[in-house]
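Read from first to last, the chains carry the letters A, B, C, D and E; within each, the first residue is number 1.
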Amino acid sequence: SNQEDEVVSEDAPSGDLAPLEKKTTVVIAEDGAASGAGFYIAEEKGYFDDYNIDIKFTTFANSDDMLPALAAGEVDIAGGVSTASFFNAIAQGIDVKIIADKGHYYDGNSYFSFVIREDLQEEIKDYSDLKGKRIAVSSRNAVDDYIFQRMLEHAGLTEDDVEFVLMSDFGNMLAAMGNKSIDAALQIEPLITQGESQNLHVRFGDATDFAPDAQIAMVLGSPSFIEEETDVSLRFMAAYLKGVRDYNDAFLYDEGLDEVIDIMTKHTALKDPGVWKKVGVTGLDPNGEMFVDDIKKQFEMYDANDAIRGDVDFDHAIDTSMTEKAIEVIGRYER
Amino acid sequence: MKEHERDSVIDPLQMEKQEWKKRQLQHRFKQLLTITSPIFIVLLWELLSRTGLIDARFFPPPTEIVGTFWAMGMSGELFHHVGISLYRIFAGFLLGVIPAIGIGLLMGLYSPIRHFLSPLIMALMPIPTLALLPIIIILFGVGEVSKVVTIAGSVFFPVVINTVAGVINIDRIYLDVAKNYGADSKNFFFKIALPGSLPVMLEGVQMGQAIALLTIVAAEMMGANSGIGYLIWTSYKAFLIKEMFVGLVLISFFGYLFSLMLRGLQTKLLPWR
Amino acid sequence: MKEHERDSVIDPLQMEKQEWKKRQLQHRFKQLLTITSPIFIVLLWELLSRTGLIDARFFPPPTEIVGTFWAMGMSGELFHHVGISLYRIFAGFLLGVIPAIGIGLLMGLYSPIRHFLSPLIMALMPIPTLALLPIIIILFGVGEVSKVVTIAGSVFFPVVINTVAGVINIDRIYLDVAKNYGADSKNFFFKIALPGSLPVMLEGVQMGQAIALLTIVAAEMMGANSGIGYLIWTSYKAFLIKEMFVGLVLISFFGYLFSLMLRGLQTKLLPWR
Amino acid sequence: MGTKIAIKDLTKVFYKKESRVTALEGISLDIADGEFVCLVGPSGCGKTTLLRILADLEKPSGGTFTIAKSKKERPLQSMVFQERGVIPWLTVEGNVSFGLKMRHLPEDVIKERTAYYLEKVGLDRFANLYPKELSGGMKQRVSIARAFANDPEILLMDEPFGALDEQNKFILQEELLNIWSETKKTVLFITHSIDEALLLSDRILLMSSQPGTIINEKHIDLPRPRNMEQVRADPSMAEYFVEIWNHLQDEVQRSRN
Amino acid sequence: MGTKIAIKDLTKVFYKKESRVTALEGISLDIADGEFVCLVGPSGCGKTTLLRILADLEKPSGGTFTIAKSKKERPLQSMVFQERGVIPWLTVEGNVSFGLKMRHLPEDVIKERTAYYLEKVGLDRFANLYPKELSGGMKQRVSIARAFANDPEILLMDEPFGALDEQNKFILQEELLNIWSETKKTVLFITHSIDEALLLSDRILLMSSQPGTIINEKHIDLPRPRNMEQVRADPSMAEYFVEIWNHLQDEVQRSRN
């Protein structure tokens, strides 16, 4: 049922939209990353419950593995990064949409950044010192690759100057650091912090040095969820954004931090609250806005690399209408 | 008195008794060895890890793993993972084994069916479950079904192949006996084909069990949020090496347990071997 | 004239000849069935995919997969992947099989060694390669070595277990013959233990080969940038379903090929069976 | 007594791609009701083939045979196979009752008849054992009990005692004769042992080597019950022995050249 | 001729957790050089055990035995096992030369002796076949050739023809006697067949059932070369047969009760 005009009422449990008449289950595919904070917080704080939405999390080892499930309608929402596979899926007629922010860089403490081996600290001082080194990146023709290319550009190097090592798993990068089979890696939190505490690697500069406005992860929606169940998806988005706002309040302004960290330890594999206070914060936009231009640049890079088969209408892949509507309901976050 | 003693020394029975005792002792010693080796390895590991000769970040001392194990057990988390994985393994195992036996018997008994299906089986068998995960998700979604199907699929092949081999290799003479004594096809199936192929079939089931365990990690890589495979996987992703080792030890333990159980079942089902 | 004809009809030899021809025909028919079934499946797939009864995005029509195959072949890309994977499979296979045979023979021949090692083997065997990848990377890095070791590790277990079983199950009487004719330990090893355990050992090698192929995808998930496993994996990740199917077909093809080759080797090595 | 088995002009050819073996040629033969007939011939002369044709396990290439039927529900024939014919996954009891169960007889009839024959061959104490726990002689007892329990029109025995040692063989021969004298079944029995044939049979049929034909027969009119000492002591039996022996030696020599 | 095998008071007990079997008790026995001795006794009386002790495959629990040595490099004994004793993964030639190879004799000696005995047992044409392609009789020929080729002080044979049919058995018995008469080896031969013992041996040793002791012996002075017809025709042999037969029946009965 498409209810175009949603009634906003202070009396509803959420303080805005009325709950759904029928309890509706929304399946979220996650990979256990910290960038899913918005989902976790909204779930734990009852924002979804307020709308009578029941959330089911399902974990994938890798965000790409979620795509077929998303396209087949097996999951409604997924957290993902921009990859060639995403656009390829669209080219194959799979109508997956990018709907909101789920991770970008935040000031000088990026959650997705380069690390180098501990014993190379003296040797590698600048990006250009990476010349001839073995650098692990977790995928080709994905945002990882894009960040890597941006870094090379920034360092004035070409791909032939370094040794690209594809390691599909971030955990493997720690292991490979341990036995010195790689020199540097594009690593992600909380493994960056953890590897530092175990003296495996050290942070090297910050990704914002060369890609300050990079869009790393996005909320993806299944076509049927966005286009057919608008009453559900609108409420879902509203609840998600409330979760994201709590996250921002906690990590940026230290409001309710302990509660949020509690939630994070519950939903991610990082169980040590102490470490959570140290990790590089994932930037999550409280209004759900993305660096669309950057996503487009990423897309163009994949296309230039011939990784995209078929024609893709880029603009069609991005659908921020649901986010915008939700903002209308809950208001903009300004702080 | 003295002569009696002398006698008993060269008495053949006494001599063999002594020999036997010596053999018993050797046997005990071997049993001891069997227990020693894991203990030895664990101690060595502990020592190397504590002294830093191996990297304790990657190979934490066994005592610490046991501690983590204990903590996870106390919190009840462990039982949850184990329970759900056992359910998946068990359901997937049954879902793989039962049709495999049925199809295997049919293939063994009717050569046109065998000729028709065997190239398909030979072609599908070498494809790793890991590579089939995408297709399984497409076909079966991300719920329990897809995990159970993943395991079932990997169990299916060794069982079907061994069942066919079991039927084909039944000694011809038993077929002749059945024919000579006028067995109808139902009796032929239940009295000859099924029991005759059972030993080889059960070898396949044993293999299938091993493979079910090997597959659980792959199956729980996608769309899972509990299970031993999930535990290993997410622990590793978060670089929680101790938790990962707990998962590995669990898999190893259940592998050992299941194969013992199946051996027991085998002797139960095959009293005539 | 007429009588002659009548005669030839009831001539036993003629009758059996006719019977034999009928059997030959049936045999041909079964061979035909063997070829039919893959063709049938492929045609069905094509049809369903073309008519949209199955989702062509996930199951592209076989003709299109063949087209992709051709294009990849022409560009030389395919040969590169195949070559590197074959090298890894081959090297890993050898690296797994050779020590497995050595250790298996030692375990089979010397019961203290057997008792010492078997619990370790039983404990390590159920652990899936996929779950061991981190440890393999820690120990062997991300280069070729770790891929080869991954395959070797998964090949090792079935071979070592079958080798031990092969040695233990050598009929006692051949050991007696060897002893009676004064075989020294070298001769005992090479004339009795090795050939006597060979049939069962080769069954293990056959299994190891199957597992090597199943493992290549896992092995090429880490730190690889070419190979069939890499092709499947990255194609899937890039949602290039046709390319992924090309990889799957390749694995299936080589699985079939290798098992045929090993069967050939088996009959070569075991002329006495 | 009437004719129980009538074989006319039976011929069997094995035809394969590159070989054609004439195993049997023009076998014509009548066996009376209740007769114990032994078939003796060199290895490979087609004895087993003949039995398998009578047992409906092989089709003749030419000729016909009939087995006279006395009762409607009685099976035509049962075969006693060599040692391996006992089914390893059935207990002694399961083996003995096998034929009866296949014919779906009432449970109590099966019970009773099985028990009767188990006792007859002295295996009642071993009813629940599996064949692996039995000696070769005991296995053959199971096989014999199974055939007799099935109560067929005729019994076909293919070297049932071939693999046993002499002493066991003799004990079983005696037991077989005992049961046989009770039931007076028609028996066609293959053996390589001339002594066995002399001890057991009413008539010995001698076969030539390939292609198998019946070239001679000897009526053994030694009174029953017989025992081995009698056979050994009787000069006419000694004569028969040497005759058959020489025949076999000749046939073996002939088939080797 | 001197004593070749001297056995004194040999006893063998099998001791296990719950059972102790006295297989042999107080066996004392001298066998002359070149003598052909057959050991006859009921099943389970310890014949194989005695042979295995002499073959150094089992240790005696009490008593001693010696085998006289004539040449330094000659092996003490070789055994002819039952059918399964031929090693399936060696060709006929490989099996026959097995003992020689184990003793690291020069290549040409091995070649020559192997060829000699292959020809002797008529297997020269089959030298490169594997045992699976051989009939039971041919396998036993391989086994005999292997033992003779090894040229041991004494030959031990454990029912080598037990599993063969009568005609094949006789052919092999003749061949064995031929080779034996050439080499005049001392042979200790186990058999269940009284006819076989009468045909082959200089002396027959009768054993009692468990615990195995030697309770009687018969010297067979039928002139050599012998054949089966002679054995059958000779009245004193018939007498021996019945005597041994009765002894065995008694022992079998005794061991059953």
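Methods note: a residue touches a chain if its C-beta (ideal position, glycine included) is under 8 Å from a C-beta of that chain, and two chains touch if they have at least 3 such contacts.
Composition by chain, UniProt nomenclature: B, C = NitT/TauT family transport system permease protein; D, E = NitT/TauT family transport system ATP-binding protein.
No experiment lies behind these values; they were computed from the predicted model shown.
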item: Set of chains whose contacts include both subunit D and subunit C; value: B, E
item: Set of chains adjacent to subunit A and to subunit E; value: B, C
item: Chain centre separation in whole Å, for subunit C relative to subunit B (CA means); value: 20
item: Chain centre separation in whole Å, for subunit E relative to subunit D (CA means); value: 32
item: Subunit B-subunit D separation of Cα centroids, rounded to whole Å; value: 47
item: Where subunit A and subunit D are represented by their mean Cα positions, the distance between them in whole Å; value: 84
item: Touching two or more other chains - residues of subunit C; value: 58, 134-135, 138, 221, 233, 236
item: Multi-partner residues of subunit A (at least 2 other chains); value: 62, 68, 72, 169, 171, 175, 178
item: Touching two or more other chains - residue numbers and ranges from subunit D; value: none
item: Touching pairs - complete list by chain label; value: A-B, A-C, B-C, B-D, B-E, C-D, C-E, D-E
item: Touching residues (chain side subunit C, partner subunit E) in the complex; value: 171, 173-174, 176-184, 187, 191-192, 195-196, 198, 270-273
item: Sites on subunit A touched by subunit B in the complex; value: 27, 29, 31-32, 57-62, 65, 68-69, 72, 74-75, 169-171, 174-175, 178, 190-191, 194-195, 198, 200, 268-271
item: Residue numbers on subunit E that touch subunit C, as the complex places them; value: 55-57, 75, 77-79, 81, 84-85, 87-91, 98-99, 101-103, 130-132, 146, 150
item: Interfacial residue positions of subunit E with respect to subunit D in the complex; value: 42-43, 162-163, 165-168, 170-171, 192-194, 228-229, 232-233, 238, 241-242, 245, 248-249, 252
item: Subunit C residues touching subunit D - in the complex, by the definition given at the top; value: 10-13, 15-17, 19-20
